[in-house]
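To keep things simple, chains are lettered A, B, C, D and E as they appear, and every chain counts its residues starting from 1.
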Amino acid sequence: EGRLRIVEQFGTVYLPLHVLRDQKLIEKHGQKAGLEIKVEWTKLSGGAAINDALISGAVDIGAAGAGPVLVLWDRTRGSADVKIIAALGEQPNYLITSNPNVKTLKDFTKTDKIAVPAVVVSQQSRLLQIAAEKEFGERKFNALDDLTVNLPHPDATAALLSGSSTITAHFSNPPYQEQALQDPKIHKVLSSYDIMGGRITPTLLYATSKFRNENPRTFKVFYDALNEASHWIESHKAEAAETYIRIEQSKLDPAFVKSVIDSPEVSFTTVPKGTFKYAAFLAKIGAIKTRPASWKDYTFEELHDKQGD
Amino acid sequence: MSSVIEARRLSIDYDTEHGPVRAVDNVSFTVARSERLVLLGPSGCGKSTILKSIAGFIRPSSGDILVEGRAVTKPGPDRLVVFQEFDQLLPWKTVRDNVAFPLKVARGKSGAEARALAEAALAKVGLARVIKDYPHTLSGGMKQRAAIARALAASPEVLLMDEPFAALDALTRGTLQHDLLALAEELQFTLVFVTHSIDEAILIGTRLHLLSAHPGRTITTFDTSGIGAAQLGSPQFRALSEEIRHTLFGRRSGAAA
Amino acid sequence: MSSVIEARRLSIDYDTEHGPVRAVDNVSFTVARSERLVLLGPSGCGKSTILKSIAGFIRPSSGDILVEGRAVTKPGPDRLVVFQEFDQLLPWKTVRDNVAFPLKVARGKSGAEARALAEAALAKVGLARVIKDYPHTLSGGMKQRAAIARALAASPEVLLMDEPFAALDALTRGTLQHDLLALAEELQFTLVFVTHSIDEAILIGTRLHLLSAHPGRTITTFDTSGIGAAQLGSPQFRALSEEIRHTLFGRRSGAAA
Amino acid sequence: MTDHIAEAPIAATGSSARRLHWSALRRSAMVRRVLVLATLALLWQLAATFTASPLLLPSFTQTMTALWDGLLHENLASATAASLGILIKGYLLALLLGLIFVSLATANALCREALITLTAMFNPLPAIALLPLAMLWFGLGETSLIFVLVHSVLWPFALATFTGFQSVPDTHRLVGRNYGLTGARYVGSILIPSALPSILSGLKIGWAFAWRTLIAAELVFGVSASQGGLGWFIFRNRNELFTDKVFAGLIMVILIGLIVEFGLFRAIEAVTVRRWGMQRG
Amino acid sequence: MTDHIAEAPIAATGSSARRLHWSALRRSAMVRRVLVLATLALLWQLAATFTASPLLLPSFTQTMTALWDGLLHENLASATAASLGILIKGYLLALLLGLIFVSLATANALCREALITLTAMFNPLPAIALLPLAMLWFGLGETSLIFVLVHSVLWPFALATFTGFQSVPDTHRLVGRNYGLTGARYVGSILIPSALPSILSGLKIGWAFAWRTLIAAELVFGVSASQGGLGWFIFRNRNELFTDKVFAGLIMVILIGLIVEFGLFRAIEAVTVRRWGMQRG
């Protein structure tokens, strides 16, 4: 109790964490609860590194995509019992392309290359697999896998925009997809919302049960502070954009950041959405061994009275 | 004019931390075809330096060196050198391959021919037993003999030898001196020979060039073309030896060498 | 019994690619305190090998070596060696520091004292001019002299010298021979000395140990304790020299050395 | 007592041990190697048992099981083969370029300055810096991987080789020049053999860094789902938290490293630098 | 005509050029270096102009502007300082461990086998393999970074140094042993100076790989709060697609590399191996 080590990655989706930090919300809620909480913020890159950090006990709370989180939940069942604390917010991921002939997934040919952060295992790859299964039929979920290549978002965006490389498509992430779409040569093929049939929360906060059991008050304080942050952002989009720029020491145009988080498709909520479909798909293809009975299997109790899925 | 080597007012400086150091000062000599010039002088007087500059390794600071009438601009296999150092054999070649090497790269011999010549040359210097060994297993004198065999086998027009027999016992030395003279007779090569042994100088040389101590300056020259192995130990030989000793050191030396 | 060094039925093999090669075969000798033993023999007969095994660098295949009554198990500064190789000076030390080095590490002298002793020793071998230079700027003979100065300055109880004067001119050689004998007289150290010069052997040694060609076996020994620099060139000296020559080579040698 | 003298001095003066001795030594070198490996395995097993966190540190036995499994039932063997193929291509290309570069540097002062400057500049650059350029010039796939491999091998290899060339003893140089050798013949018959110890050390370092780079670079370049090398095998299993398989992949790297060290590099050393007395054990 | 003889042979026999000549050469070495750098900058500028894709390849001038900007208005300087601090700690620690390791290996056959085996095993392992262990043992932050740095420097440095030690000429060994030197004194006064060319090459390679590793590792081990090193600077700007700043960060690495090469390593070489005639230019 009294110490909280949080690790995040890069991107506008982490805005609630930025607000927590900027407004010292955890410390405030801690004081209310009579707890002196020392918060340590850390940045890492990649779900795998965050998983390592969490298991080794180097951090308490991590944030990563639904894919890594569900895999970690699956692998730590009965030992560390990692579960989801909350979502960070609803955000769409777009599949964008510079190939004018591509209107649907069927239009991709052998000469196209789709950039994803990590072939097969990343959130984006899984979304593409789900889409492929819909498009090409049951068991054909890996139809497009051969077209995908590993490339971190910034490099993929640069490649796509430069037009001089073999990359013709990118399953992207905010704010890169918005940046790319400003170029008239780039257009959107699909959104993750289309694929999952509704809004989803791509990024989730998670922790070990051990941490929650040993630090119940700190955990509660964090959860409350996070909810406050999410609510605050919903009503203060412009200030939130400034917070992002301040905390990230970003050089991006504030108007652009605001346009990204102000999009009607984006909302900041702590309730996980669309995760169960995702988990079911992972279980079906064998990426996780345990098929969860409900989304509550892999989330902490705090969420269980919410309308998640 | 048939002089093969001509050094004209040769001065050589080494550049050191403390500035240039003159090693050879205003030395001139000519060596005619099939003559045998011996450079004789105290340790550190610049004998090796002169040899290396004839070989094309060191550029004179002033004066110049002509070989066959042309200024020396680079080293080459027309002037083979037997160096003073023990490590002049290439450690990655067997003794035989060391001797065969210049035959192949500088004389255009085939591999088999080069090896055969190498074996013959090594047998002459008493190294038939170790032709397949690597140089690091040889004794000091054996290394030196292999280097001599290497130079002789390649029969250069000009041979530059830097104290080649210094590490050898009297018997081996005598044999090799004899062989060298016989070969010089036969092949008529031009020889520049460095030694610190006065008797050896008289025996080998047709002319002796005496150098003073550091920096090396010409003291005088002796014509010894008439004196050879036949005169060894004769009163004439001993008198000349004493005269040279006196010229070099200014007194009778008490050395046993 | 006051023998400082005792070699008993010493045999030494080198392990080579073609199997073991015997370099020294069943050689025995003893050297009493302040005696000067000279190992004399043809090139490659195992002189350096014997010296290295006394120094503790090579373990005999059979037989053993006692120094001061104890079997030699490792090298040590009680038995300083002047090696045959030119590169025995450490290239990263100036000539002076090379000579001062054993004084500091093996004789416990302070830096200043070691340097002063080094300078004195270097002056004696005629290298005062180059004390601050690095070895790579020295001529072959100068390197050898520096190595001699290094060993002498450290005044060991046992001194092992491997052809130390081979690269030197007659004058320098004579001076150093003289200095070595004077020092031996003064400090009473025990000397094992390798040379291929018969005259030098007689002059330096109190006893000569003659070795046959490869593999080295004892031929005979000569007591020369009565013969010194005073006898140099005397008929007695020359007769002994001839006798040794005859013993070694079986005929009169025609070498000029 | 005699052991001491057998140890240090014989190592110092060379191959002066007796025949029997030598073969005993060889045997005991084998014994020592096995001892070292067994100790490591034991330490690992203990550490893993003690840590009790198989997701971070699987035990030696778990890893071996995963290795066996990976070879039999998964694509570990073919992934290793794929990586090895690319690795060797990039490695050899880098060696060739390195040798050419260093040879030019030996012959020409401007090239020498260029080599020193380029090495100082590019050697510290991480592969990430090359990513945009590689994509621009070679697209994605094998060529880009090879480009990155060349970058990681070329500079350290050139540096080690150049150091070796510069340390060639004067006498060797003079002998070569004396026989009129210049250019490639001089480099090939004098500088390379004389500098072989340094070159071998450059080869070893280059080999190791080729692996390091390849494993990391496979994650970024040219992997498409169906194919993929050892790096991809490791990355994928890491993302799926099959840590035992990750370690199995790493063990493959280690095994290949050991095979190459003892099967290739040591063998080369035995018939060259050790045989020539240029290097001691 | 006389120039040729001045070039090759004088390089071969040592410092035999005349005084004036030498200072002219020095000057021209400077000239050559500037020439090389200018050519590179020009090539870069041309390539960038030709590619016209500043997101992938910003031009030299753009990068220089970004560098200037980064130094004046952003935290480039402090980020560089932070990285440099960690780098030096890890580097020095690795050198110390490497020297101890190699010294033990020289003294003892089991240690020798252990060194060879460990180097062959661990040198090819990418940093990724160490992440879980580093986190387990050291958590996040500087210690873990240093751990990874040590891994990247230790093995290549040990390898180069060990090669150097093994190549020490017999005569030097014998001289040292003759004076009764053993253990650390033997290593310090004989092996290290005699092997200095190889050690320096190991130092250079280690230095370069320390940078490569640090830049990459900073991304993984991340930063706490707002500080962060050069790797993080690069990563952040890459994430925001400011490729010119990414290149500015890389130019910092290159500049430091050049400064260390010419200000430190060359200077050391000049007063050691070159002065001692153990290495030629």
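Going forward, contacts are C-beta pairs under 8 Å (C-beta built on N, C-alpha and C of every residue); 3 or more make two chains touch, one makes a residue touch a chain.
Computed from a predicted structure; not experimentally measured.
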Two chains joined by the most C-beta pairs in contact, as defined above: D-E
Furthest chain, CA centroid comparison against chain C: A
Between chain B and chain D, centroid-to-centroid distance (C-alpha), Å: 46
For chain B paired with chain C, centre-to-centre distance based on mean C-alpha positions, whole Å: 26
Computed distance of Cα centres, chain D from chain A, in Å: 39
Approximate Å spacing (C-alpha centroids) for the pair chain C, chain D: 46
Junction residues of chain E - those touching two or more other chains: 8-9, 12-15, 51, 53, 56, 132, 135-136, 174, 177, 238, 243, 275, 277-278
Of all residues in chain A, the ones touching two or more other chains: 52, 55-56, 152, 155, 158-159, 162, 164-165
Multi-chain contact sites of chain C, meaning residues that touch two or more partners: 14, 16-17, 52, 56-57, 74-75, 85, 87, 137
Residues of chain E touching chain C in the complex: 14-15, 169, 171-172, 174-175, 177-181, 185, 189-190, 193-194, 196, 272, 275-278
Residues on chain A engaged by chain D in the complex (per definition of touch): 47-48, 51-52, 55-56, 67-68, 71-72, 74-76, 79-80, 113, 118-122, 142, 145-152, 155, 158-159, 162, 164-167, 287
Residue ranges of chain D touching chain E (in the complex, touch as defined): 7-9, 12-14, 28-29, 32-33, 35-37, 40, 51, 53, 56-57, 109-110, 112-114, 116-129, 132-133, 135-136, 155-156, 159-160, 163, 166-168, 170, 173-174, 177, 182, 197-198, 200-201, 204-205, 207-213, 215-216, 231, 234-235, 238, 243, 246, 250, 253-254, 256-258, 260-262, 273, 277-281
Chain E partner contacts - residues on chain A that touch it in the complex: 7, 10-11, 40-46, 49, 52-53, 55-59, 152-155, 157-159, 161-165, 176, 179, 248-252
Partner chain D, residues of chain B touching it in the complex: 52, 55-57, 74-77, 79-81, 83, 85, 87-88, 90-92, 101-102, 105-106, 134-137
